[in-house]
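After the structure tokens below, expect a handful of questions from me.
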């Protein structure tokens, strides 16, 4: 069996995923594409020998499409995901799942009504080897309980359009999902602290930012968001256990001694750092579809991320610690 | 287009490659298998939904087979490779290509007579990220010329059947291929030196061994072979350039502080260390077949490896430096 | 000129300093000792060929004593330091300078009245190479301003007598001094957060603890105190600059590959980790005395540490962020 | 007791040692200096409050001098050391002990005739923490026997006066001494191999060079000498044991992430790299004198180094492996 994939949205990330499927994902191939930019989409369709559809809805309905990938403009995610659920087709949606928690909740409700998990959200960090090893260390209990996490998410630079709240919605969102997945529990509170601002930022962006999360069981997480760190793309996640510390590395394949430095390279950008994670994410997604049971980040995970982000924004605005409250989890999402 | 692969030899490595193709190699699938152990081969055929063939020759001749993978018993490699050439089919052959240099030479001759490169030898080190980065560093000349290499190939342990010459034919063979590929030149001489012997060996195995290679241009390589090092599987390759040193790492995804040690894990075995290299090797092999032009290690590379190994054995036996002499390279193998 | 040193307090740390002076500190030697434990002090005096004094006051007054080292029982520090000031003699006092901020203030007042800096407090972290390199990085501005610091102070284990407040007064006190020295500015606020508690602690000790400091200029510091981390003695101090991160290492002189681990040792205890810092502290103290101008941590630094510790305790008890308020710095301490 | 030190030779290294003794070496001070450059020596004498002597012989004979440091022009080492032996005074001599093996032998004979070890040679590598930890690992047998060593001695650059043989006499001499000290056994043979030459050298210097030593028990050592490596001063010494590898680090106190590099600094020169070793060498020398039993590198070690260097030169010239033959060790040097 080979899975026929329809892709809605042929911008940069859409094209990356199309090529990823056709060139690297055994057992799947792209049969259909659609985009509001018709010209671009038609060119892609021609290049990869796929069918062009005028609308996402038409693509979703087509018999040429077994499963759907949504990489369109953010505000359209919700409608396409809901449409796919209506047709009972598996759908992979890049983050954000919807524009707010309410939108995510509507997807959750539709999926619960349908009675089966169809949606996977594009939180690709869960497919990175470093995080996978951290999760194994946590779940094995070989070092006792996780007590604290020290994390950082650093980008070399952000442009003028990147404003203070985007440190949450575009950047911290990755840690918001992956850290609760690592710990297998939800956050209880969040507090934002604004450190000294770098001179490499602009008036509408307070950079860096520091977030303190506490989980239901008391695990305390400090997370630095710094999007103008200049020196590279740098992700830190050090888990402090009862008897050990385990931290992610920036994987290196060579070590260089040159010009009085003994170094490994720092990743220049997220594409380089997480390329393997994206590949593995799609491999496992297609494998899970063959088993008719998706196992990746769910619509509920998308909802929880949205709720948590709202609390982060509130903490920044009120300068207080904010409790994170959410609906009860539907039984569909209990593992 | 999906490439139909026939696999001759369904032992451990054969099964690994079958699963690798079916589960990870986009654009290819296994359609046919054969093995002297008929029962085992039939079971594999059934499990992966492939056709069983009584003989490798029948498999090679079949219309169900576009390309051939040879993972059978070493002494049969040559005959199957020659048979594939006769049918003008691409063939991937695990090392060794043949039992000696003369056998490799017969394959080279057959391929030259056919007039097209069909054979790829399973020197998978060339597909490891560390070696690829080293080759980029060498070819870029950004640090000047490579002058020396300090290498080690260490296995945790070897069994009673592993004897002194196998340090060359089973172990050093990987470096013999990959180092000349890195430098893009041939060896001029080799000298073996026998260091103090570990007490963790047996009467028929002198372990460790030290090889000194010099290339045509004078690059000097020391290569330690140590197959009872006990602490793990450890591959070192440090290239000394005119202005820098660049060395391979044992890639790590997490770093651990535990029990007064700050450590990254050492790979336990070659399967773990080079898993990604095997996957990438097959991906590129299938990709190259789609382009109808294989680009991996050639039959000529197999021949050169065989010649070089003979010189290593001679140096060990004569306790002298041995010059490495070989036939002129046929034009087919000039890039 | 050789400096004659009198040591009050011949317990463990007192004896260490006596031997440090006599064996490693060029230009000084111990001429006099005193301790409430007369028998032990007399034995030490005999061993190192120094004079025994019945009281610290008598020792301080003696012509055989140029300068004084106070390593007696904590509650007696203040009286001996004040006595040394009265005699116009330089005095090195192990932390704490006094039992509370009021006591430290009395010493400051006495010193200001005397009109010359005579007191040095034993904050030996300032003499560690790692911290010295961090200070050079900060002061050079080569990476721009320091914006954040991520710190940890971890001990392998604490005994039953170690209670929750001691995480501040015995442990965090080192960072409280050294971090403001690094940044050359005072703290504005502190907030304590209590993470999930390790099962390797007891009822009267909440371990670990997390402190968030903000300095006058906005530099934000997270400091983990974890005194039962089990894996070793581990001090982290990562400074996040506008264009770089610079962090302290646990210095290693060899690297070991053994039992599938590639590791450097983690220091087992603070004595091992900071041995060199203690030696350097005394060398520079004696050198500064020869120049008649002590340059190490002052009585004012002892006072600020005491004030800051009080704020930490208050934050823990009130579960709120606490502003740190102190007297105006006397002109004597302006550099 | 304070040891009165007379220093013959007030060039760069002489002045360094004078200041080292006066500023860092508890229990000793410089009382006398001498140099063929009278003006310079008198200035030094005045600055450090020492007596100037017209000749080294006069200095050695003086009652103001307990022990002698020889840092004069290399060809004068032998005569001053012999003179010190004549007066029964301890003498520390910078390498080389004499201009050739015969000169070293004369010193050995004089010392044997005197009947007591008085001479210490300035092989300061033995006082470096990394080497000390390696020696502990070797002597503990915790990883079994040492089987091989992989070593490198790299300088950033050498000037026009540095010629091919100096790679042995000025550079490899350090490893020649320290490696046999580590292993506690002598070399049996040496072979020099000349790798591809760097373009950053000149006509009279073949750089780099590779030396292969084998010890009496069969330990095999490869030693790269590369004095124009450009990237810094880099000393490698990796010991391969039966069950582990232990290697020296270039100690670092901070780690830096900057400009897409995650690095520790490489030492710029030997002064930086081995500063602590020099200090420790003098501390232990003075300590040993107080115990009236010097324990550092002996005149015999100086002789063995000279013999070994001759074999290295012969191997380079004859392009063959050379056996290393030496006199029997006098009983005075048996420990």
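Quick notes on this structure:
Order of writing sets the labels: A, B, C and D. Residues in every chain begin at 1.
In this section, contacts are C-beta pairs under 8 Å (C-beta built on N, C-alpha and C of every residue); 3 or more make two chains touch, one makes a residue touch a chain.
On a predicted model such as this, the values are computed, not experimentally measured, just so you know.
Common neighbours of chain A and chain D under the contact definition above: B, C.
Of all chains, C has its CA centroid at the greatest distance from the CA centroid of chain B. By count of C-beta pairs in contact, A-C exceeds the other of the chain pairs A-C and A-B.
Between chain A and chain B the centroid-to-centroid distance comes to 38 Å (mean Cα coordinates, whole Å).
Between chain A and chain C, the centres computed from C-alpha atoms are 45 Å apart.
Across the assembly, chain B contributes residues 231, 234, 243-245, 257-259, 264 that each touch 2 or more other chains. Residues of chain D touching chain C in their complex: 22-27, 128-130, 132-134, 137, 143, 243-249, 251-259, 264, 283, 287. The touching residues of chain C, counted against chain A in their complex, run 144-148, 150, 152, 193-200, 208, 210, 212, 214, 217-220, 222, 224, 226, 229-231, 234, 240, 242-245. Residues 231-232, 234, 250, 257-266, 268 of chain D touch chain A in their complex.
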